[in-house]
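These are the structures in question, set out in turn.
Below are two complexes that have chain A in common, paired first with chain B and then with chain C.
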Partner chain A sequence: MLNAMVALSIIVIVVGVYFSVRKKINSVKVNNISNLLHRLRPETLRELILLLLILLVVIFFSIVIDHYLNARLFNRVSTSVAIIGILAIGQALVVLTRNIDLSVGAVVGFTAYFVGQQLSQNNEMTPLVAICMAIGIGALMGSFNGFLVAFCRIPAIIVTLGTMALFRTLLVEYSDAQTVLTVNLPQWLLELPRINVVSYEGLHFRLVVAVMCVVVILFHLILRYTSFGRKIYAVGSNPEAAANSGFQSRKIIFITFVMCGALAGLTGFMYLARFGNITVVAGSGLELKSVAAVVVGGINIFGGSGSIFGATLGAVMIDLLENSLIRWLQISEFWRDAMLGMLILCSVATDSVVMKRFRKYRLKKITQKEEKL
Partner chain B sequence: MSIILKKLKSWEGFLVLILICTILVNSFNSEAFLTLNNQINVFELSVEKIIIALFMVFIILNAEIDLSVASMMGLSACALGVLVESGIPMIPALGLCLMIGALGGAFNGFWIAVFKLPSLVVTLAMLIGFRGLARVLVEDRSISVFPSWFEALGQQPFLGPFPLSLIIFLGCTVFVVFVLQYTAFGRYVYVIGNNQKVALYAGINVVRVQMYLFTAIGVISALAGILFAARLGAVRGDMGVSFELDIITIVLLGGISIFGGKGSIYGVILSILIVLYLRNGMSLMNVTGHIQTGVIGALLILSVLIPNLQKMIYDYSRQRRKRL
Partner chain C sequence: MQIDNLNIKTPSSNNIIDNDFRSSKPPVLEALNISKSFDMTQALDGVSLEMRPGEIHALVGENGAGKSTLIKILTGIQQANQGELRLSGLPVKINNSQEAQAYGIAAIYQEPMLFPDLDVAENIFISHQDQGFFVRWDKMYKDAEKILNDLGVRIDVRNPAIGLTIAEQQAVEIAKAISMNVRVLIMDEPTASLSDHEVNQLFRTVMQLKQEKNVAILFISHRLEEVFEIADRITVLRDGKHISTNLCSAVTKDGLVREMVGREIDQFYAKDETRTVGISVFSVKNLSKESTFSNINFELHKGEILGFAGLVGSRRTDVALAIFGISPADSGSIEIEGKLVEINSPQTAKKLGIAYMTEDRRQLGLVMSMSITSNITLASLSKYLIRFGIIKREKERKTANEFKNRLQIKTTSVEEEVGILSGGNQQKVMISKWLNTQPKIIILDEPTRGIDVGAKAEVHSMMRQLAEKGFSIICISSDLPEVLALSDRILVMREGRQMGIVESQHATQESIMSLAMGQSKESNYA
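Showing the complex of A and B:
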């Protein structure tokens, strides 16, 4: 099992490197490692390193914990990544435009509670209506944030710190100190997290994970190949240049906040399906985890660089560490918050210190090569 | 007369008006509001927040932000609990706690000032990190092993009717006003907030000033944590969660610009009064704590929204006048 996974990951890394340098290999011969290094895009390199680190974490824990590496680990981690992963994609969109959204945790809590309550009062509601309701409420809350940030020119950190408190208050007032209980929820919702798309020898590929994969691929394509996606990067990397080129920066920022809210709404629905019992504190702390996933995944906090795959890998890394630390008996499980903080700090520090140097080095090499030609 | 009108048009004048309204509404709603006991109670119940808010003024004037203060409060309080529990006498334990605060603050400052990482992310990471360390120290217990004199300091009047924490707050206020208004260091803080490059070319040691500021706010957060522990008489891992909301609201409502370099300390003192009286008034009217938090959140947004709208309307009318 272990060997298979290690081999698989190595293959993935090699294929990744190959595909990212393939076009250049055809034109210029790759002689040595340094040549290969400066052919690689820095973002891709960052993601490959993260993948390697995830692999090392898995190997480390499989040595220190007995019976660690089995199908249940995959099932557990993948289901919880599905929740934090979708949230991280929304957060990534916002961070790419040089903003931040700290209210996503409250949005998840509110949508989970609201949809849960509607479903327990009205069991005949179809799944599609419930999902649309969750996404709609999330988008509404996101548009409130987006309006204040984009059109009233208030810094995102202030707006979302305020709405984090506001949305939570809204939830507490709306709930009237009641709890959504699993018994009142319709049967299809309770079965939803256990539906498998594919399963092989105990390895279950759940429906929620498939949903996350679809969202990841969809947003990756949007960011890569649509003009809207490129505009998000442009606004984030240089707002003045974007404004001078005639982009409607405010509209783009507004839309990213709405999308982030909508994805948080979808997360709220999945949160409801996974946990069933929803109290008023549901989803608190998720905002910090989503920022952590985005930053660990290599999205620059100053906006403009990073990819959706990176954010997803960041989410995987964080969830893997969390799920593993709980099972590691030598260390108190209370360490995981402290570890999360250090992880964020380390990744920001490496980004700004190491990656900056690497970018400069790469730029120098490329200009040298062009001068030779 | 015209001078008074001009003063009233400024942000501080606006704050004075709000403050008068709050006091009037509160004293109509409850007779207990204007008694000395209630006044002292108002300050005593959130003295930790307002002490930190005073020093947060420096950070935000510097165009930085510190989200980790509340977690640092929790960490120092928990460290105090653990140290006293393990048999270390009270006075050295207090000193060690302040040291932890200084170290934590300097750690933040190191990344922000030397490596120029964004303070938002560094302190967000430490918001999780310090809180995590606090949880590691006390896990899910609650420690209450403090000697009786320590608890008496936090809970009983120290000088006349005033508790010690209130006297510390008054001392801090005088200190902050003095440093910000009457020393070169205070001017440096404004210059760095206005334009860091200009400050650098003017020969100000930006790194050193920022290191001082972040170390100072670390120490003050640790002190606030100690005061909090003394007032409650027990420590827990989740002490002071989400205090940063109130702290940042007070500073921004006081007219300190989030972009740095603008605002005065007097506005902050007014906004401290406003926020405390609002909370107290709501408590006297039996409004729950959750709604109070929501109101503070709305206040935070409004405190930036109103000046922004003002500026937009001003710009718009000037453009129209130009066209005419």
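Showing the complex of A and C:
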């Protein structure tokens, strides 16, 4: 089992490197490792390093914890990544435009509670209506954030810090201190987290994980292949140049907040399906995890660079660590947060120290090439 | 042009004058054979300068003559590649601005850098670390008052700096310098944003400083009248080289202007045959913007290159920004092909066929972390969309490769990041970006700043080709020979006012420079 997973990860990394440099290999012959290295875009290198780190974490814990590496680990981590992953994608969109959304945890809590409440009262409601309701409420809350940030020009960190408290209070008011209970929820919802798309020897590829994969791929394609995605990067990377090119940056920022809210709404629905019992504190703390996933995943906190794929890897890393540390008896549960904090600091530090050096090195190499031309 | 070269004094004659003067007082700060180069350009080439106590030394030169670089080296912000600095005859190394302060060298800039929320006294003593742990407010206010009184300035030291006029802020900066026992005070265009009355006030303070405190003052200004009013000696820099140092009484304004512009014209600045220009396609009438520029009037014809000349602070770029809708004008009208248009955003300007290629490529022009392809198509993305906003990448790459070949952008692949290209290649990417919007009117702001000679020639020939193809071009440039060689007509600006439009056949560098420095048009043709 262990060997299979390690082998699989190595294959993934090799294939990743190959695909990222393939196009250029065709035109110029690769002579040595350094040549290969400077062909990598810094962002790609960063994602590969993260992939390698995830692998190292798995190997480390499989040595220190007995029976660590089994199908249950995959099942547990993947379902929990499904929740934080989708949230991280929304956060990534916002961070790419030089903003931040701290209210996503509250949005998750509110939508989870609201939709749960509706479903408890009306068990006949179809899944599609419930999902659309969750996404709609999330988008509405996101548009409130977006309006204040983009059109009233209030800094995002202030707006969303305010709405974080606002949405949470809304939830407390609305819930009247009641809890959504599993017993009142319709059967299909409770079964939803355990539906498998593919199953192999105890390894379950859950439907929720498939949903996350679809969202990841969808947004990856949007960012890479549509003009909207291009504009997000342009606005985040150089707002003035974007404005000079005739982009309406405010509209773009508004839309990213709406999308972030909608994705938080979807997360809220999945949160409801996974936990069943929803209290007024549901989803609190998720905002920090989503920001952590984005930063660890290599998205520049000052906007403009990083990828959805990276943010997803960041989410995987965080959840993997959390799930593993719970089972590592030597570490007290209070240290888990500290580990998370250290991870964030390390990833930002590598970005500013290691990646800067790498960029410089690459610049030198490419300038040499340019001069030869 | 050749006559000008004869008029320039040879270095030996300058030395004689210097020797006469040297007998008076030993210099407090000397710069000897300072050279400084940035990647491609030689900003300073063996420049020497002496500053004596109680003397006001003016430094003049065109934009890009190397004045700013020299100041940065004297104040430790940058370090020279070659040459040495001597303080009271002893060689010193100034590695940063703290060290410069410790040596008693202070600088005051056009826009004073005060802390707006702190009061005047706090601003004056902000960098005093020797006052102990606790602030002694009474003593601080008393000392501040004394310094300001000595300077003959009346400001309440307990007021926050935010309410002060720029002249008052400069007085505070001077007081700050005095509190640190300044020996050398560098003033970089301190009068550029002052009214006449405020200039007089500032000059009184400066004279006080010179006479009472025996401070050596280096004064940089684009206003020659002021230089003659206040300076004891004048040094001219041109293209990073020291041209002359003379006593103020030994030079005339005309002589000074000649020395500032009199560079030799190499063949690639050779003036081309006059183009045949077509009908008027773009006209601007009485364009004004509050406290920026006023009454700008010009017509631009099909296939014409209109040069915009002027010194730093002449607001040429602001006019361009207004035309392109980034910061629209308050009043006046713009007509395109006879139709009155209102331009209040870059989107509108783009739709009307105007392209603006900014002088600040890094900040405003390109998205450095994006690929060459993405940058070239950034302003015309709608041309590359299929359904659902999906970008047709093949088509994009084709366009990028076309421009790469057409403008000879040197790169291994059009998928490389723009940030790693050289300045000249970045410029070409930006030009590609805007040509790809298929404009009719192109505004180029300092198109050759910071790029090497080869790339410069390529940009020039490209501009000529564009004009021949019928594009109308506005070229803002501080490089006078460039403007003269490229343009059909030249609009000269000074401090937000239009000083005149001259046919470039009849213009010389001197005539344009005189206009830009505020001498009336008639006297040039006299």
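Rule of thumb we're sticking to: the second predicted complex is superposed on the first by the 373 of 373 C-alpha atoms of A that agree within 3 Å, B and C clash if a C-alpha of one lies under 4 Å from a C-alpha of the other, contacts with A are read in each partner's own complex, and residues count from 1 in each chain.
Definition applied: contacts are C-beta pairs under 8 Å (C-beta built on N, C-alpha and C of every residue); 3 or more make two chains touch, one makes a residue touch a chain.
Here the structure is a predicted model, which is why all the values come from computation and not from measurement.
Applying the stated contact rule after C-alpha superposition, one finds that A:Leu148 touches chain B and leaves chain C untouched. When the two structures are aligned on the shared chain, A:Asn277 is found in touch with neither chain B nor chain C. In the superposed model, A:Ala234 makes contact with chain C only, not with chain B. In the superposition on chain A, A:Thr163 contacts chain B only, with no contact to chain C. Of the two partner chains placed around the shared chain by superposition, neither chain B nor chain C is touched by A:Thr126.
Once the two complexes are laid over each other on the shared chain, residue contacts for A:Val295 go to chain B alone; chain C is not touched. Between chain B and chain C, B touches the greater number of residues of chain A. For chain A in complex with chain C, the residues that touch the partner chain are 23-24, 27-28, 41, 225-228, 230-231, 233-234, 237-238, 240-246, 248, 304-305, 362-363, 366-367, 369-370, 373. If you check the complex, the residues on chain A that touch chain B are 100, 148, 152-155, 157-159, 161-166, 168-170, 172-173, 288, 291-292, 295, 301-302, 332, 334-342, 344-345, 348-349, 352-353.
On the side of chain B, the complex with chain A involves touching residues 65, 111, 115-118, 120-122, 124-133, 135-136, 139, 237, 242, 244-245, 248-249, 252, 258-259, 288, 290-291, 293-294, 296-301, 304-305, 308-309, 312. Within the complex formed with chain A, the residues of chain C that make contact are 324, 326, 345-347, 349-350, 356, 358, 363-370, 374, 378-379, 381-382, 384-385, 388-391, 393, 410-413, 415-417, 419-422, 425, 433.
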